[in-house]
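In what follows, a structure is listed as structure tokens, so that the remarks can point back to it.
By written order: A, B, C, D and E. Residues from 1 in each chain.
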Amino acid sequence: MTLIDLYSILPAATLIVWALFLLLANFWFSKRQPVWTPILAGAGLLASLVVSIFFTGKPMAGFGGFILVDGFSNFLTPLFAVTGIFAIGLAYDYLRRMGIQRGEYYTLLLFSISGMMLMASAGDLIIVFLALELLSIPLYVLSGFAHPRVDSQESALKYFLLGTFASGFFLFGTSLVFGAARTTNLTDILAIVSSGEADTMLLLIGSALMLAGFGFKIAAVPFHSWTPDVYQGAPSPVAAFMSVGAKAAGFAALIRVFSMIFPSLAAELTPIFWALAALTMVVGNVVAIAQTNLKRMLAYSSIAHAGYLLMAFVPFGDAVTRSNSVASALFYLTVYALASLGAWAVLIGMEGEDNQGTEISDLAGLGKTSPLSAAAMTVFMLSFTGIPLTLGFWGKFYLFRTAIEGGFVTLAVIGLITSLASAFYYLRVVVKMYFQEGQPEFHWNFWTSSVAIFTALALVVFSFMPGSLFDLALRSMLTGS
Amino acid sequence: MNIGLNPLLLVTFFPLVGALVVLLLKPKWKTALRWTALVTSLITFGLSIWMLTRFNDIDPEIQFELNLPWITLGNNQIGFHLGIDGISILMVLLTTFLMPLAILSTWKAVEERIKGFMAFFLLLEVGMLGVFLSLDMVLFYVFWEFTLIPMYFLIGLWGGERRVYAAVKFFLYTMAGSVLMLAGILWIGLQYGSFDLTQLSGSGLIPAAAQLWLFGAFGLAFAIKVPMFPLHSWLPDAHTEAPTAGSVILAGILLKMGAYGFLRFNLPLFPNATVTLAPWMAGLAVIGILYGAAVAYLQKDVKRLVAYSSISHLGFVVLGIFALNLQGLQGAILQMVNHGLSTGALFLIVGMLYERRHTRLLENFGGLWKVVPVLGTLALITTLSSVGLPGLNGFVSEFTILLGAFSSTVIGSPWFAGVATLGVILAAVYLLFMFQKLFLGPVTHEENKKLKDVSAREILILTPILIFAFWIGIYPKPFFMLMAPAVEKLTALVQSAALLAH
Amino acid sequence: MIPIAYPLVLAVILFCMGIVGFLLRKNAIVIFMCLELMFNAANLVFITFANHYQVIDGQVFVVFVMTVAAAEVAVGLALMVTIFRTKQSIDIDQMNSLKG
Amino acid sequence: METVQFFNLVPWVVFLPLIGLTVNLLVGRKLGEIFAGSFASLATGLAFVVSILLAVSLSSHPEAVTIPLGDWITIGTLTVRWAFRVDTLSVVMMLVVSGVGTLIHIYSIGYMHNDVRHNGDTGRYARFFIFLNLFIAAMMILVSADNFLMMFVGWEGVGLCSYLLIGFWFEKGKNGTGNAEAAKKAFITNRIGDFGLLIAMFLIFVNFGTFQFDEVFKQAGQVAAVKPGVMLLITLFMLLGVTGKSAQLPLYVWLPDAMAGPTPVSALIHAATMVTAGVYLVARSSIFYALVPTAQTVVMWVGAATALFAATIALGQYDIKKVLAYSTISQLGFMVAAVGMGATVAGMFHLVTHAFFKGLLFLAAGSVIQGVERGMHHANHASHDFDPQDMRQMGGLRKQTPLTFRVYLIGALALSGIAPLAGFFSKDEILVSAWQTQPAIFIVLVLAAFLTAFYMGRQLTMVFFGEPRTEAAEKASESPLVVTLPLMILALLSVLGGVLNLPGVHTLETWLSHTLGEGEPGHFVWVVAGISLVLALIGLGLAWMIYSRKTDKAYVDPLKRALGSLFTGMENKWWVDELYAAIILNPYRAFAQFMADPVDLGVIDRIGGGLAAGTRALAESIRKLQNGYIRSYALLMLLGLAAIMTYLFLR
Amino acid sequence: MTTGLFVFLTLAIIAITAAAGLILSRNTVYSALFLIINFLAVAVLYLIMGAPFIALAQITIYAGAIMVLFLFVIMLLGAEKPKEIEQMKWQRPLAFVLGGAILVEGVYALLTRVSITVTTNPASEILADPKTLGISLYTKYSLPFEIASVILLVAAIGAVVLTRMPKKDKGQ
């Protein structure tokens, strides 16, 4: 193992080491000062964030190509770290209120994040597979974290069984790709695939199977059905984390893997991605309209946004659009992450014992009783919708631009029309909060509220100067593309 | 260029300063909040007047241009590009002129959550001014969509009984139009590497085939906003449920954004499509004129009646625009101003009645001229201005529009204008019906017998509008002069581009 | 020696049987076992291609798959135990309170 | 130019009334009735003085003079000026408007004093004069315009004043809204006419490129030669405007209802001036009509038909003002027929004399009505629904109101065409033209003239002769001098008006020829004069015979027995209002209702809602897939996979 | 038919039958035992294809340790037999149709694309040697190895977290 190897996994390694340390420290703190566990976990993530920003700036390959450090991973790794920090901010008060305050939560969270980081820089299908499991297994557990609660258990079971089912697909797909390309190293696959030596049919079937696996992780229709149930049953901070972290990681892997396979099979795969994206946008947005529970609504919203993200990837086959394709996906992902975490933060503030307070109608009157939260929630909803002066607009702007640049005007129009439909249910939240009377109970907590306010501010402030973020995303080039 | 002194920047963002001040004040300081908003809007008006004095009205080009690089995205530069010409300056003046009056009208009407109201109101002004001044398509779109938010809250929080329905409907309809516009904007930006209107207008870059669907994409957004038949159904609800000041701004300015969009985008960018589709647009406009007038008649709610009258009046605007000649276009622009004044004033008067009686149903009024003679007289003048009586503002613009449409070679048939002229009759039918139901006949309701006549504040609100109504009616020349060079340029541009393609 | 297509076909058959088993059975443990069957099928493909290409990577992959499978079994069975404690059943069709 | 020219004064014919109205608007209520009324009268009077000065100037310099004031609209090739045209035609109109106007203003000082008290709102006194002055201003704009658009401004302006003044007592009338309804009806009917005028103007602009009278008429021959169809359209659409403003068939229906306005309004606007604007328009555009014989035929038939039709209705009316109103329609028909036949001068001549005697008749009728009202006040048991305008409630008033009776008699005789009163000469000129060129028209018009004499005789008899049929009539009293003085002046004019264009002298003919071009001066045809005079006398006599013996209180019209259902038709105005209600008003109302409810709320409004509901339904059905069963979810995933793979295979 | 093919077919039939037994068996314990048989048959296939280490691992880890765990849990939970009555009428037919579709497509693709003439290689020294595998695990695959170890740790933690009884004072 060389120093470069170490550098290449430093953020993830930091987290894993820190998690191990935290596991031990937790024995000490859990009884006496449980607040220290999340703080330490946060510190670990902060360390990882710092490391990810300062130590892995240059593109490189570690562990003989297992790890690829490039603009892409450099963009996503800090994103995961930040998501983790927010997830911890969301968790502490919630766990305390629900009486499930256990230090393992944070340890598992850190492990999961490390899995995500590895996923973002995976250079080999085996790393993809292992990272997928490393991020998933803690999430299975975290979903069932409130486990005497039946819905938490149900959520965990559904997530676990379906997740493993999807893993099975992915694994079988991987084996076929291995069979076609003789290797599992992504860079080598690219070389072999573009040289035309690989068997296209095997490769295609393998890709299809892998796509099903990733589709599950990113909650693309028709691999999405677990999402609402799991989000609803799982403890809210976990759902928040999943809606952002797991999705981002899934996309990271999807992009990584398909960036190798896609270009040479663009003709075959593009229509599939097209259909998946369209279907996901339509189903996600349409079904969200019928939701009455805020958690489920956010779940469907997350499905819908997966559709938008997929749309960004559709034109990847076009060499000219490629860099924009990835950049706009990443940009959108960031925007989505901010809004989603914020929205969940407000939801967590609303949630009481036994899922009380999570119906959309429970929000009635929030504008009066908790104006700041309501304002923040409004920003998130507007950002989800893609209304200007929130970053969500620029997300969609870049996204649709990419789709149109790739010549997928129809897809862009579907996206635009579905985002109109989305306004319908996002607005309902605003309507409830401001236009209807009620006395909602809002559990104000410094950390939770900080997450909400920080994300809301970020969404608004950066909407005035999205240029630098665009640049950042554009620089997130993938190795090999 | 000295950015700090750019009048456009000052005009556009001064209300934002006011909004920030409002946000800093405590909610219970009602008077301070009101005055802050009023003074802000007045200063903005003053600034726009100052801008007008420096405006060169024989120059057809964009003036006070401000083009700051804002966002770079790939090969696309999104500029913070503001500018004004003879077309937009009238819209800007209308906006800054109506705002203080609208704010003044809330003095008694809005008692709850004044802080939010004023903040949203001033934000709305920023958005609207931005729409009229933007020369970058993306910037335009940002402002365009942004105006939805304050208006949505204004309707939803301070509106009438069905405010939520109306607010959501308003939001969704408008957004429905604009999503396709965004697709169009992006397509153009990608295809021609620029979002800059000044570079694209009349450049003839866009091929005729593409122009058609782009015209549709942009046109849908604008047609919904205008609103053109049959995309209007958000308007009656939004108008009816909005608070008075909101209705004034909605009718007075927001609708103009749609018509302005046609002028600023569809005509110069897609001249061939414009020429091709002009008869269709004119046809829809004519249907709108008659349809709005027919539906307005027999409405039970005054605000709904006025709302449908807007559909009719805006139909004239669209007809004028697609006449594509000087008379039509100038008439259309003036009609935009006139409709802002007349309908704005009508909504203000309805609001005044509502403040006194807390009802908008026609059946609850009658014979008020006897009870409130001054208000009755003011209402009469306003109604007549809306009817299009010569000597008042409405006539000048409607006449020129019809004249333009009648002689338009683009529309191709005088039938459109001929049928549209029937609207002149119908306008008298429904507006006099309204006036009669409100002010004429005997006083039938006991509650109406002791109504107070207009206060000094209310006279102060209405008088400026009526002064302009007379001014434009009697001496519209300055207004025409202001817009003439820009319109001439636009007409020439459309015609030459369309000719080039043939 | 056998044509390599044969074990591959076997793998596909096993994989599909795993899938169908997952879809048919209601007992969570049996379903879990079906998942193991699917993993196993993938392993068979890896081994076959490792043999075909004469590279070790296929076999290494299988080692990791087994490890992961073991880890999943640990978590999965723990989950089922805790669910059984609450519901006195591992019939997955009873776990459908979350829907819509 | 050797003599002093006053042409530059012409804007003052508009500005003076405007000043008058502004003063009244600002301080009218404080000034008190006498001053408010006098000031308004003074304003109009000064306008009259200006008109006289203009006339004087024209007498030495008969060519048209245009006094520009400023640009109004300038867009591209469209240039419209605020400009005043002083020519012999416009000055005639100015003189009539301001002259008769002044008299009516003066009359109103007294009349309105009573009227506001009778109607119980003295606050409206000043308002009346504001409106009246506004009317004078608008009418002046109309007649002094130098282009069609300016004329249209005045045209609509007088319409507005008509609206305001008909609805002056907006809370009175049938069901309290009768007056307001009448006002609205007048305005809207006029607007229908204006629609025609607008279209005519558009056509003029498209084909002539200008609205300027001079230029348009200069090109008229040329355009008519090239595009005869266009000229026909222009003239016919213009005719629509004329039928609206001058209350011709089929748009006359508003004028009888317009009697809801105070009597001076009926006199000034709805008899003497505004309603003649249509005649003025045709006279002004006589060059057009001369070029389009078809249009001329239409115009004269419209006029003649109206003349006869309205006269028949007048026979069956009981309201003193309604009779006069239908008479006005009928007389306007004469004028329109005249201008239609090309006898423009005859039409204008009749216009002027008609202004005198019809103004007189209306004012006198007002005097009668107020006399009866006073009687009603003195009466012991005045019933509440007593209508002081109903001729059946009058009778024998010649004793109570002798002065009014005398002037009324003069007016009635003039209207009936009894020589040598003004009406005789003017009507005779029209009949002569018809005799010479259009025999059919001649017969119709003569018949109408006969009916005119008959209904005037009927009215005279019913109102002034016999015995009072009610207590109010019995106790009626004469009006004060301020009311009767204008009556006397107008009576004098009605007597002497014929002098203007006496056969053989042709003063007016010569005067107008400077504007209208040289025409063949009308001859005096003895046969025609004889026929019309004889018929008028027979009419009057017949009426006297039939009605003078009628004294019973429960009044049933004697003609009813004689004519039967025919009279019922006249009584009910041939059900034209009902017809219009059935074929236009109600269908439009139903259409509007249909558009508002089933169409707008039911269809268009539901498009958005329907889309939303459709989406929602779709959502609900997709949502059913989300049934909570893990195996179902897995199945869905498998479905996705199978779909992808199948696609890959089938591709 | 060569011996190899015969052996293969025998193993394949055993494996498929065992899998079918797993799916169809009403008794969970039988299902587990069928799975073990399947694993064993596949393990022999591994052996044939020159992967003795994997074959052994398959037997010890999979068929041995993991399945014992399964059986242990089955016993713990009382070998419950839920009533296999299908409530969703589309589930079964669709499962068969879709599973069949994938099967057919997969088999078709393999048989057409992977030439039948290409046969498996005989067990080679390099590949069959567990040492090679070990070395590559510790050198080239050191990172995945580490990750796998972390996964196992996580699974252990997870299992603990999930099975730990909730605290008694939770309700307060």
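Criterion: a residue touches a chain if its C-beta (ideal position, glycine included) is under 8 Å from a C-beta of that chain, and two chains touch if they have at least 3 such contacts.
This one's a predicted model, so the numbers in the text were calculated from it and none came from an experiment.
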| item | value |
| --- | --- |
| Where subunit C and subunit E overlap in contact partners, by chain label | A, D |
| Intersection of contact partners for subunit A and subunit D | B, C, E |
| Nearest-to-centre chain - CA centroid comparison | B |
| Most widely separated chain from subunit D, with each centre as the mean of CA atoms | E |
| Inter-chain pair with the most contacting C-beta pairs | C-E |
| Averaged-CA centre spacing for the pair subunit D and subunit C, given as whole angstrom | 96 |
| Chain centre separation in whole Å, for subunit C relative to subunit B (CA means) | 65 |
| Separation of subunit B from subunit E, taking each centre as the mean of its C-alpha atoms, in whole Å | 70 |
| Inter-chain centre distance, subunit B versus subunit D - centres from mean C-alpha coordinates, in Å | 37 |
| Residue numbers of subunit A (touch at least two other chains) | 126, 130, 133, 137, 140-141, 144, 147-148, 156-158, 161, 165, 169, 205, 228-229, 290, 424 |
| Junction residues of subunit C, two or more chains touched | 8, 15, 18-19, 22-24, 26, 31-32, 43, 48, 52, 55, 57, 60, 64, 68, 71-72, 75, 79-80, 82, 92-93, 95-100 |
| Per-residue overlap in subunit E, given as positions that touch at least 2 other chains | 91, 94-95, 99, 102, 105-106, 109-110, 114, 141, 144, 148, 151, 154-155, 158, 160, 162 |
| Interchain contacts, given as pairs of chains that touch | A-B, A-C, A-D, A-E, B-D, C-D, C-E, D-E |
| Parts of subunit C lying in touch with subunit A, wherever the complex brings them together | 8, 11, 15, 18-19, 22, 28, 31-32, 35, 38-39, 41-43, 45-46, 48-49, 52-53, 55, 57-58, 60-61, 64-65, 68, 71-72, 75-76, 79-80, 82-83, 86-87, 92, 95-100 |
| Touching residues (chain side subunit A, partner subunit B) in the complex | 324, 382, 385, 387-389, 393, 396-398, 400-401, 404-405, 409, 412-413, 416-417, 419-420, 423-424, 427-428, 430-431, 434-436, 465-467, 470-471, 474 |
| Subunit D-touching residues of subunit A, taken from the complex the two chains share | 157-158, 161-162, 165-166, 169, 204-205, 208-209, 211-212, 215-216, 221-223, 225-226, 228-229, 268, 271-272, 283, 286-290, 421, 424 |
| Residues of subunit C defined as touching subunit E within the complex | 1-10, 12-21, 23-27, 29-30, 32-34, 36-37, 40, 43-44, 47-48, 50-52, 54-57, 59-60, 62-64, 66-75, 77-82, 84, 89-91, 93 |
| For the subunit B and subunit D complex, residues of the former touching the latter | 169, 172-173, 230, 232-234, 236, 291, 294-295, 297-299, 325-327, 330-331, 367, 369-370, 373, 384, 389-391, 395-396, 399-400, 402-403, 406-407, 414, 417-418, 421-422, 424-425, 428-429, 432-433, 436, 439-444, 475-477, 480-481, 484, 488 |
